[in-house]
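Chain naming follows the written order as A, B, C and D, and within any one chain the residues start at number 1.
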Amino acid sequence: MGRHSDNWIMTAQCPSRLGTVDVVTRFLKENACYITEQHSFDDRLSGRFFIRTEFRPEAEGFEAASFETGFAERAAEFGMTFELTPPDRRMPVVIMVSKADHCLNDLLYRYRIGQLPIDIRAIVSNHPDLANLAEWHGIPYHHFPITPDTKPEQEAQVWQVVEETGAELVILARYMQVLSSDLCEKLSGRAINIHHSLLPGFKGARPYHQAYEKGVKLVGATAHYINDDLDEGPIITQGVEPVSHADYPEDLVAKGRDVECLTLAHAVALHVERRVFLHARRTVVFDR
Amino acid sequence: MGRHSDNWIMTAQCPSRLGTVDVVTRFLKENACYITEQHSFDDRLSGRFFIRTEFRPEAEGFEAASFETGFAERAAEFGMTFELTPPDRRMPVVIMVSKADHCLNDLLYRYRIGQLPIDIRAIVSNHPDLANLAEWHGIPYHHFPITPDTKPEQEAQVWQVVEETGAELVILARYMQVLSSDLCEKLSGRAINIHHSLLPGFKGARPYHQAYEKGVKLVGATAHYINDDLDEGPIITQGVEPVSHADYPEDLVAKGRDVECLTLAHAVALHVERRVFLHARRTVVFDR
Amino acid sequence: MGRHSDNWIMTAQCPSRLGTVDVVTRFLKENACYITEQHSFDDRLSGRFFIRTEFRPEAEGFEAASFETGFAERAAEFGMTFELTPPDRRMPVVIMVSKADHCLNDLLYRYRIGQLPIDIRAIVSNHPDLANLAEWHGIPYHHFPITPDTKPEQEAQVWQVVEETGAELVILARYMQVLSSDLCEKLSGRAINIHHSLLPGFKGARPYHQAYEKGVKLVGATAHYINDDLDEGPIITQGVEPVSHADYPEDLVAKGRDVECLTLAHAVALHVERRVFLHARRTVVFDR
Amino acid sequence: MGRHSDNWIMTAQCPSRLGTVDVVTRFLKENACYITEQHSFDDRLSGRFFIRTEFRPEAEGFEAASFETGFAERAAEFGMTFELTPPDRRMPVVIMVSKADHCLNDLLYRYRIGQLPIDIRAIVSNHPDLANLAEWHGIPYHHFPITPDTKPEQEAQVWQVVEETGAELVILARYMQVLSSDLCEKLSGRAINIHHSLLPGFKGARPYHQAYEKGVKLVGATAHYINDDLDEGPIITQGVEPVSHADYPEDLVAKGRDVECLTLAHAVALHVERRVFLHARRTVVFDR
């Protein structure tokens, strides 16, 4: 995942209607763009169309701006929204954490070796604990403590960092505070959380302890976009791990770390590669 | 799973206390029984001890009855309950079904080739649909229709079959009726149900439709002992299957069939090989 | 897998060149065909393009013949080969078996409940053992014994059945004879074999015994198109199953049955849904 | 995995014979040791017995030395070798690397948070590249360059580090040099290598490129004890990852990193928790 690519990516969605694919592919042909990979899906229940295209211009002098202007005219006819992403673009990202560092450590490693096309602009935490880790990777670390009373101010600080860094994605890498509805709204469709259970099972606090009590034989993790219904945001991907009676709650916590890391990293890769489409409460994911 | 074995199996459980393993292994040694596989576990939270031993008598003239009498004396001191299972014993079983036949078909195949050490004495259904399948395998099929009014009578018929066949295990292979508390109690610890979701997610009816609505990326199945709290019985094993946005509810139903079959067959094999211990609301499973 | 569909399917491949997608999608648009799902891939190493499109005609009076004639003209320019499959078409199939019946039983079950869009026209075996199973499902069973001396004659009989039934796919469901180069050639691209190992590990006979000797911790199965290099045909899909030291060779055989059934059924579903493209020694698979 | 434990661990093996379990459990009982978990296995093909016991002394004043002396007398009669491990013991370890750092980074993280009960005494490499990573974790880093001519000298340096640090385990975390037969022999049973393929498939160099050529649909990794038959040492554990036609060799390399990390970490945890028994060319693994 998170692969390097020499290709441009175009993603689009609109209501289902004859010609939705053609309007994309014809324009690409006219602009001498060779399609290297394409995936489209029509959701017959919601009547919505989704398409993701990777392509490379074959003629010299490809201009994103004029391409976008040109396509916008045709897209308008279909009520189609679209996005164009240049090759090797690194998406600006802010990561939020609390005290647990396994997901952060994992993301930083992938970032460091160039496996994830992201540009981590800042790490924000309500605790000072992980400042060292950020420092070693040369990333600004903002410690914004939070109490019930200061929550609005703290969230304003968070939002300021997001704005000032130009972050297009916020990754909640085991950030243990519930975001306000207001912040959820502002971050809608561009904040990914990792919940340490196979949602919708075991919502809320201490899911591994809940899982132990219930005696499940599988634990897992769910990466999802946040919305203001806690633990109910649209799911991007889920991972799973077998467990046994011999796993006490602390063992489930330990076993869960790996699956949390992998599931979150997978979801981030899917998002930054523009493979995830959000529509209403569900996602369309064009995984490789 | 479900393997043939030349070995005797002894299983036991009791409160935790010094000497629980020794009382078993010393007795086996004294009776010239060679232990080929042994697994014990002490649950430190509930203070309960579980042991499963496979062994073969090395001297001639091993007598189960006198072995049991002899061991009962020693076990008593520990408040230990135990069970002795001879080699190649086939557990008498009754299977309950409704209209869906995938789990039944799967169990009958494993039974036919000798992969599951069970003896299917009867198939009971509230519908006539699967009589042919039973007939081809030469197994008596009882059609006991049910309505809200006749439920007590129908369950009495079911119970009569269980009693008359000497069934030690009842397998609910997609039987779509809720058993009464009374029947649940009678079958406590010896009736296995397959629920078509990763419990505790998606309890109740039409779990695949619930899963579609929620947009999950994994579906699964849960095999559990029944108790009078519907879909809440102690879990034996769980299976899982990745799904995508392109899977409509009917696709989830189709994909779920395989994982339901495998999960139920696995749970049955674990049970009949005496690998499952039930204590309170959880199980201890000594899988290979 | 193996889902019912109201859609037409068009698949095509050709050398990579600007306009390969456009030539398909524009023609569909011109013929008022709505694309419900599309997947294309350009293999940059071999310079080859592959596309699979599901669509439904929106105008009345869609005619396959004239559609094909019309598209053939445009395809010719790209050196593109293509295939058109109508909705709900059931591919005519011949299954070859020897004595082991687990894969056959599994395929017959999926066939019986309509999960696989195939039409099983005949079952061919070099042994009489599985005639009963065929009979119960109402499928002609041909027992063609084979010896080293009679191999050419036996293969002629097999070929005659393939020809007379109009079979487009031959499934080797644990058929334990090596096909001659001549028959392999005739069946090129339309005969799927299940090998009971994770090829290229453990080629040849008794792979589970080889796996036991080696002490592997995973066994698996490989579904592949046959070619005249035994156990080396292009791979369609592979499945895997964890094993342990406690699994003797006979246990590996038993555990392997499930993964063989699932892997073969998956490969057959992919093939009949036109999701597999064969090019040189590798496949392109557009799985859901 | 890698869990903290308050328990002592005793492991033993010997030829199969009546009384092998009893000699262990009786001695524990006599010394007032409570067995919290026990697993024994008799390999009927090799006629060899293996046992692993976790226990806690219930009386004060448990003395390891006198326990060992006492048990050695009884063990002698069975030709039994055994090992006693105190609670919370951290096994001294040396890690060998080349340039790839994913496995090292993963092990260091688990070490740092205390998830693996190891004590990393030194990191040895034939390249200088990973010195920074070692430094940040405060671990001595030895850069021992190697050429065909200097191999004996370099291995002597490596061996000196192993000796001086008292390392009981050497982890080859993507060390890309073949060890000499001599060093293999010295490290027999206490050096774990991670090979980036599902051995026995794709031995030797560039296994992901081999896998791409072959068109496999699964890649994986194998953690094994080294021996002087390269890539043929006894397997401890294996991991697997699905791949597709869209994964080029460089994608397989990237996807493989995760499964290599997890597989190696799992093998190390199994080894240091004394869950792996080595006998001839195979292992017995008592996983949780």
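The rule is simple: a contact is a pair of C-beta atoms (placed from the backbone, for glycine too) under 8 Å apart; a residue touches a chain by one contact, two chains touch by 3 or more.
Composition by chain, UniProt nomenclature: A, B, C, D = Formyltetrahydrofolate deformylase.
Computed from a prediction, not measured in an experiment: that's the story for all the values here.
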Worksheet, complete the sentence: For chain B and chain D, the contact-path distance works out to 1
Worksheet, complete the sentence: The larger set of C-beta contacts, choosing between A-B and A-D, lies at A-B
Fill in: Where chain A and chain D are represented by their mean Cα positions, the distance between them in whole Å
36
Fill in: Distance from the mean Cα position of chain B to that of chain A, given in whole angstrom
41
Response to the item:
The positions of chain B in contact with two or more other chains are 37, 41, 44, 244, 246
Item to complete: In the complex, go through chain D and note every residue touching chain B.
Response: 16-22, 25-26, 28-29, 32, 34-42, 44, 58
Worksheet item: Contact residues on chain C for chain B in the complex?
Response: 1-4, 37, 101-102, 105, 109, 113, 115, 136, 244, 246-247, 250-251, 254-255, 257-258, 262, 288
Item to complete: Enumerate the contact residues on chain C facing chain D in the complex.
Response: 41, 43-45, 198-202, 213-218, 220, 234-238, 240, 244-246, 248, 281-285, 287
